[in-house]
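Going in written order, the chains are labelled A, B and C, and every chain counts its residues from 1.
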Amino acid sequence: MADEDVLALVQRLEARLAAVEDELAIYHVLATYGPSVDSGSADDAAGLFTEDGFYDAGVGAWTGRDEIAGMVRGGGHQGLIMNGAAHVLGGVPHVVIDGDTAVATAYYHLHRRADDSFTVWRVTATRWELVRDDGTWRVARRVNRLLDGSSEARQLLADGIHREPLSI
Amino acid sequence: MADEDVLALVQRLEARLAAVEDELAIYHVLATYGPSVDSGSADDAAGLFTEDGFYDAGVGAWTGRDEIAGMVRGGGHQGLIMNGAAHVLGGVPHVVIDGDTAVATAYYHLHRRADDSFTVWRVTATRWELVRDDGTWRVARRVNRLLDGSSEARQLLADGIHREPLSI
Amino acid sequence: MADEDVLALVQRLEARLAAVEDELAIYHVLATYGPSVDSGSADDAAGLFTEDGFYDAGVGAWTGRDEIAGMVRGGGHQGLIMNGAAHVLGGVPHVVIDGDTAVATAYYHLHRRADDSFTVWRVTATRWELVRDDGTWRVARRVNRLLDGSSEARQLLADGIHREPLSI
């Protein structure tokens, strides 16, 4: 094999490796969200988003890191975690990467302490629209919809696996 | 290092990278199943299987993509998702790859909407026997067993971690 | 590109690939724990730990593989799995690797069979301190804390995302 062919092979490997690293980096973002909010680490949770990131949780919406951090510091969220709560990612997210943008579709559980066990209070379909922001994957938009039979939750899941923009 | 040694090193790296890509591709198959069935995307769910793939869910069994798509379109499944349901992969699957075949062992939850929370209706041990089908990992056989204390569910999990054929 | 530059590039790729393989190997350890204990495979569960590994589950603590295997074989655990139980990893773990040591922070569910559904009996924040032991990632210390509102569980999660030693 000529030198230039070896170099071309190495460059193809580098591109494939970079795609794998991106996938794991996006897993890491989603795996950081739960521990951030459940520990009350407001700035860590907000830092997963872009400066003007938008989070539509269905039960409320916040724009920008300050508002997202404020939600974590707020009475509603603090009451939850002081009484026992866990925001748990469901399995491995479905990730589609396209250059410097990506969409992750994933389930989240919100468990609450109840007597001597836990209540599964919310199970949501969540969509994470990420951008490569100065070399780091950050969340530009996140949308949750409760899996209570609503068509919006089903549409959010379908848009994710069909690699379509969010249509709800 | 001589040129041929560099080439051999690059080829070893390519094989290691391909193994990593296979692992993530198999994660992706399992991460696609839930969003497919919970959005009623029958063809997407069926397309995860080989043409004659077999799915034994414990509570029913279907052979081939047409039957699997029919299950998703059927009244039982439609009733579930219209009332609020989520088929959620439990954590990261345990994956063993052997050339063009692989076995993934994983938990799945089936949550159902109930009043203002969710019921964990089923927790299953699931085994996914995958084949590389024209370059894409597809499911040749999937078997679920409810974790209700039955020996079959325990055996399915043990077979997975012991890298053995399914013995139930 | 000069030969030595190609070699340097290949060596950088190898280091990046090794980091990816480490991350997946650590996922695999956590993905093996549940199927091991839920199938009663005591030696497999114990083998995930180093010879003198320490497991503090909050409700009990065990030192070394013999004690950990003994816990799996013991009446408490056997009663659980014979009546239907599942130790399910929550999503993808948050992993930080530093050379031959690593910390994984993850949620675990413990589901128990109850009539015709399941009870989420325990949701824990778990910390896994791993070491590269003769080429294999093994658990030197694992600590669980119930997410019942206690500060220890929140601190465990915060220590994980802040890349700090466990401070509880």
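The rule is simple: a residue touches a chain if its C-beta (ideal position, glycine included) is under 8 Å from a C-beta of that chain, and two chains touch if they have at least 3 such contacts.
The model shown is predicted, which means the values in this text are computed figures rather than measured ones.
A.B. asks: What's the rotation angle, in degrees and to the nearest 5, for a C-alpha fit of chain A onto chain B?
C.D. replies: The two chains, chain A and chain B, differ by a rotation of 120 degrees.
A.B. asks: Same or different for chain B and chain C, when you check if over half of the residue numbers at their contact belong to both copies?
C.D. replies: Answer different: the two copies use largely distinct residue numbers here.
A.B. asks: Whole-Å distance, chain B centre to chain C centre, using C-alpha means?
C.D. replies: Roughly 22 Å separates the two chain centres.
A.B. asks: Could you list the positions in chain A whose residues touch two or more of the other chains?
C.D. replies: Within chain A, the residues that touch at least two other chains are 3, 6, 10, 13, 17, 20, 90-93, 106, 109, 119-120.
A.B. asks: Using the touch definition from the top, list the residues of chain A that touch chain C in their complex.
C.D. replies: 3, 6-7, 10, 13-14, 17, 20-21, 24, 27-28, 30-32, 34-36, 38-41, 44, 81-86, 88-93, 106, 109, 111, 113, 116-120
A.B. asks: For chain B, which residues are in contact with chain C within the complex?
C.D. replies: The contact residues of chain B facing chain C are 1, 3, 6, 9-10, 13, 16-17, 20, 23, 90-95, 105-107, 109, 119-123, 125, 146-150, 153-155, 157-158, 160-162.
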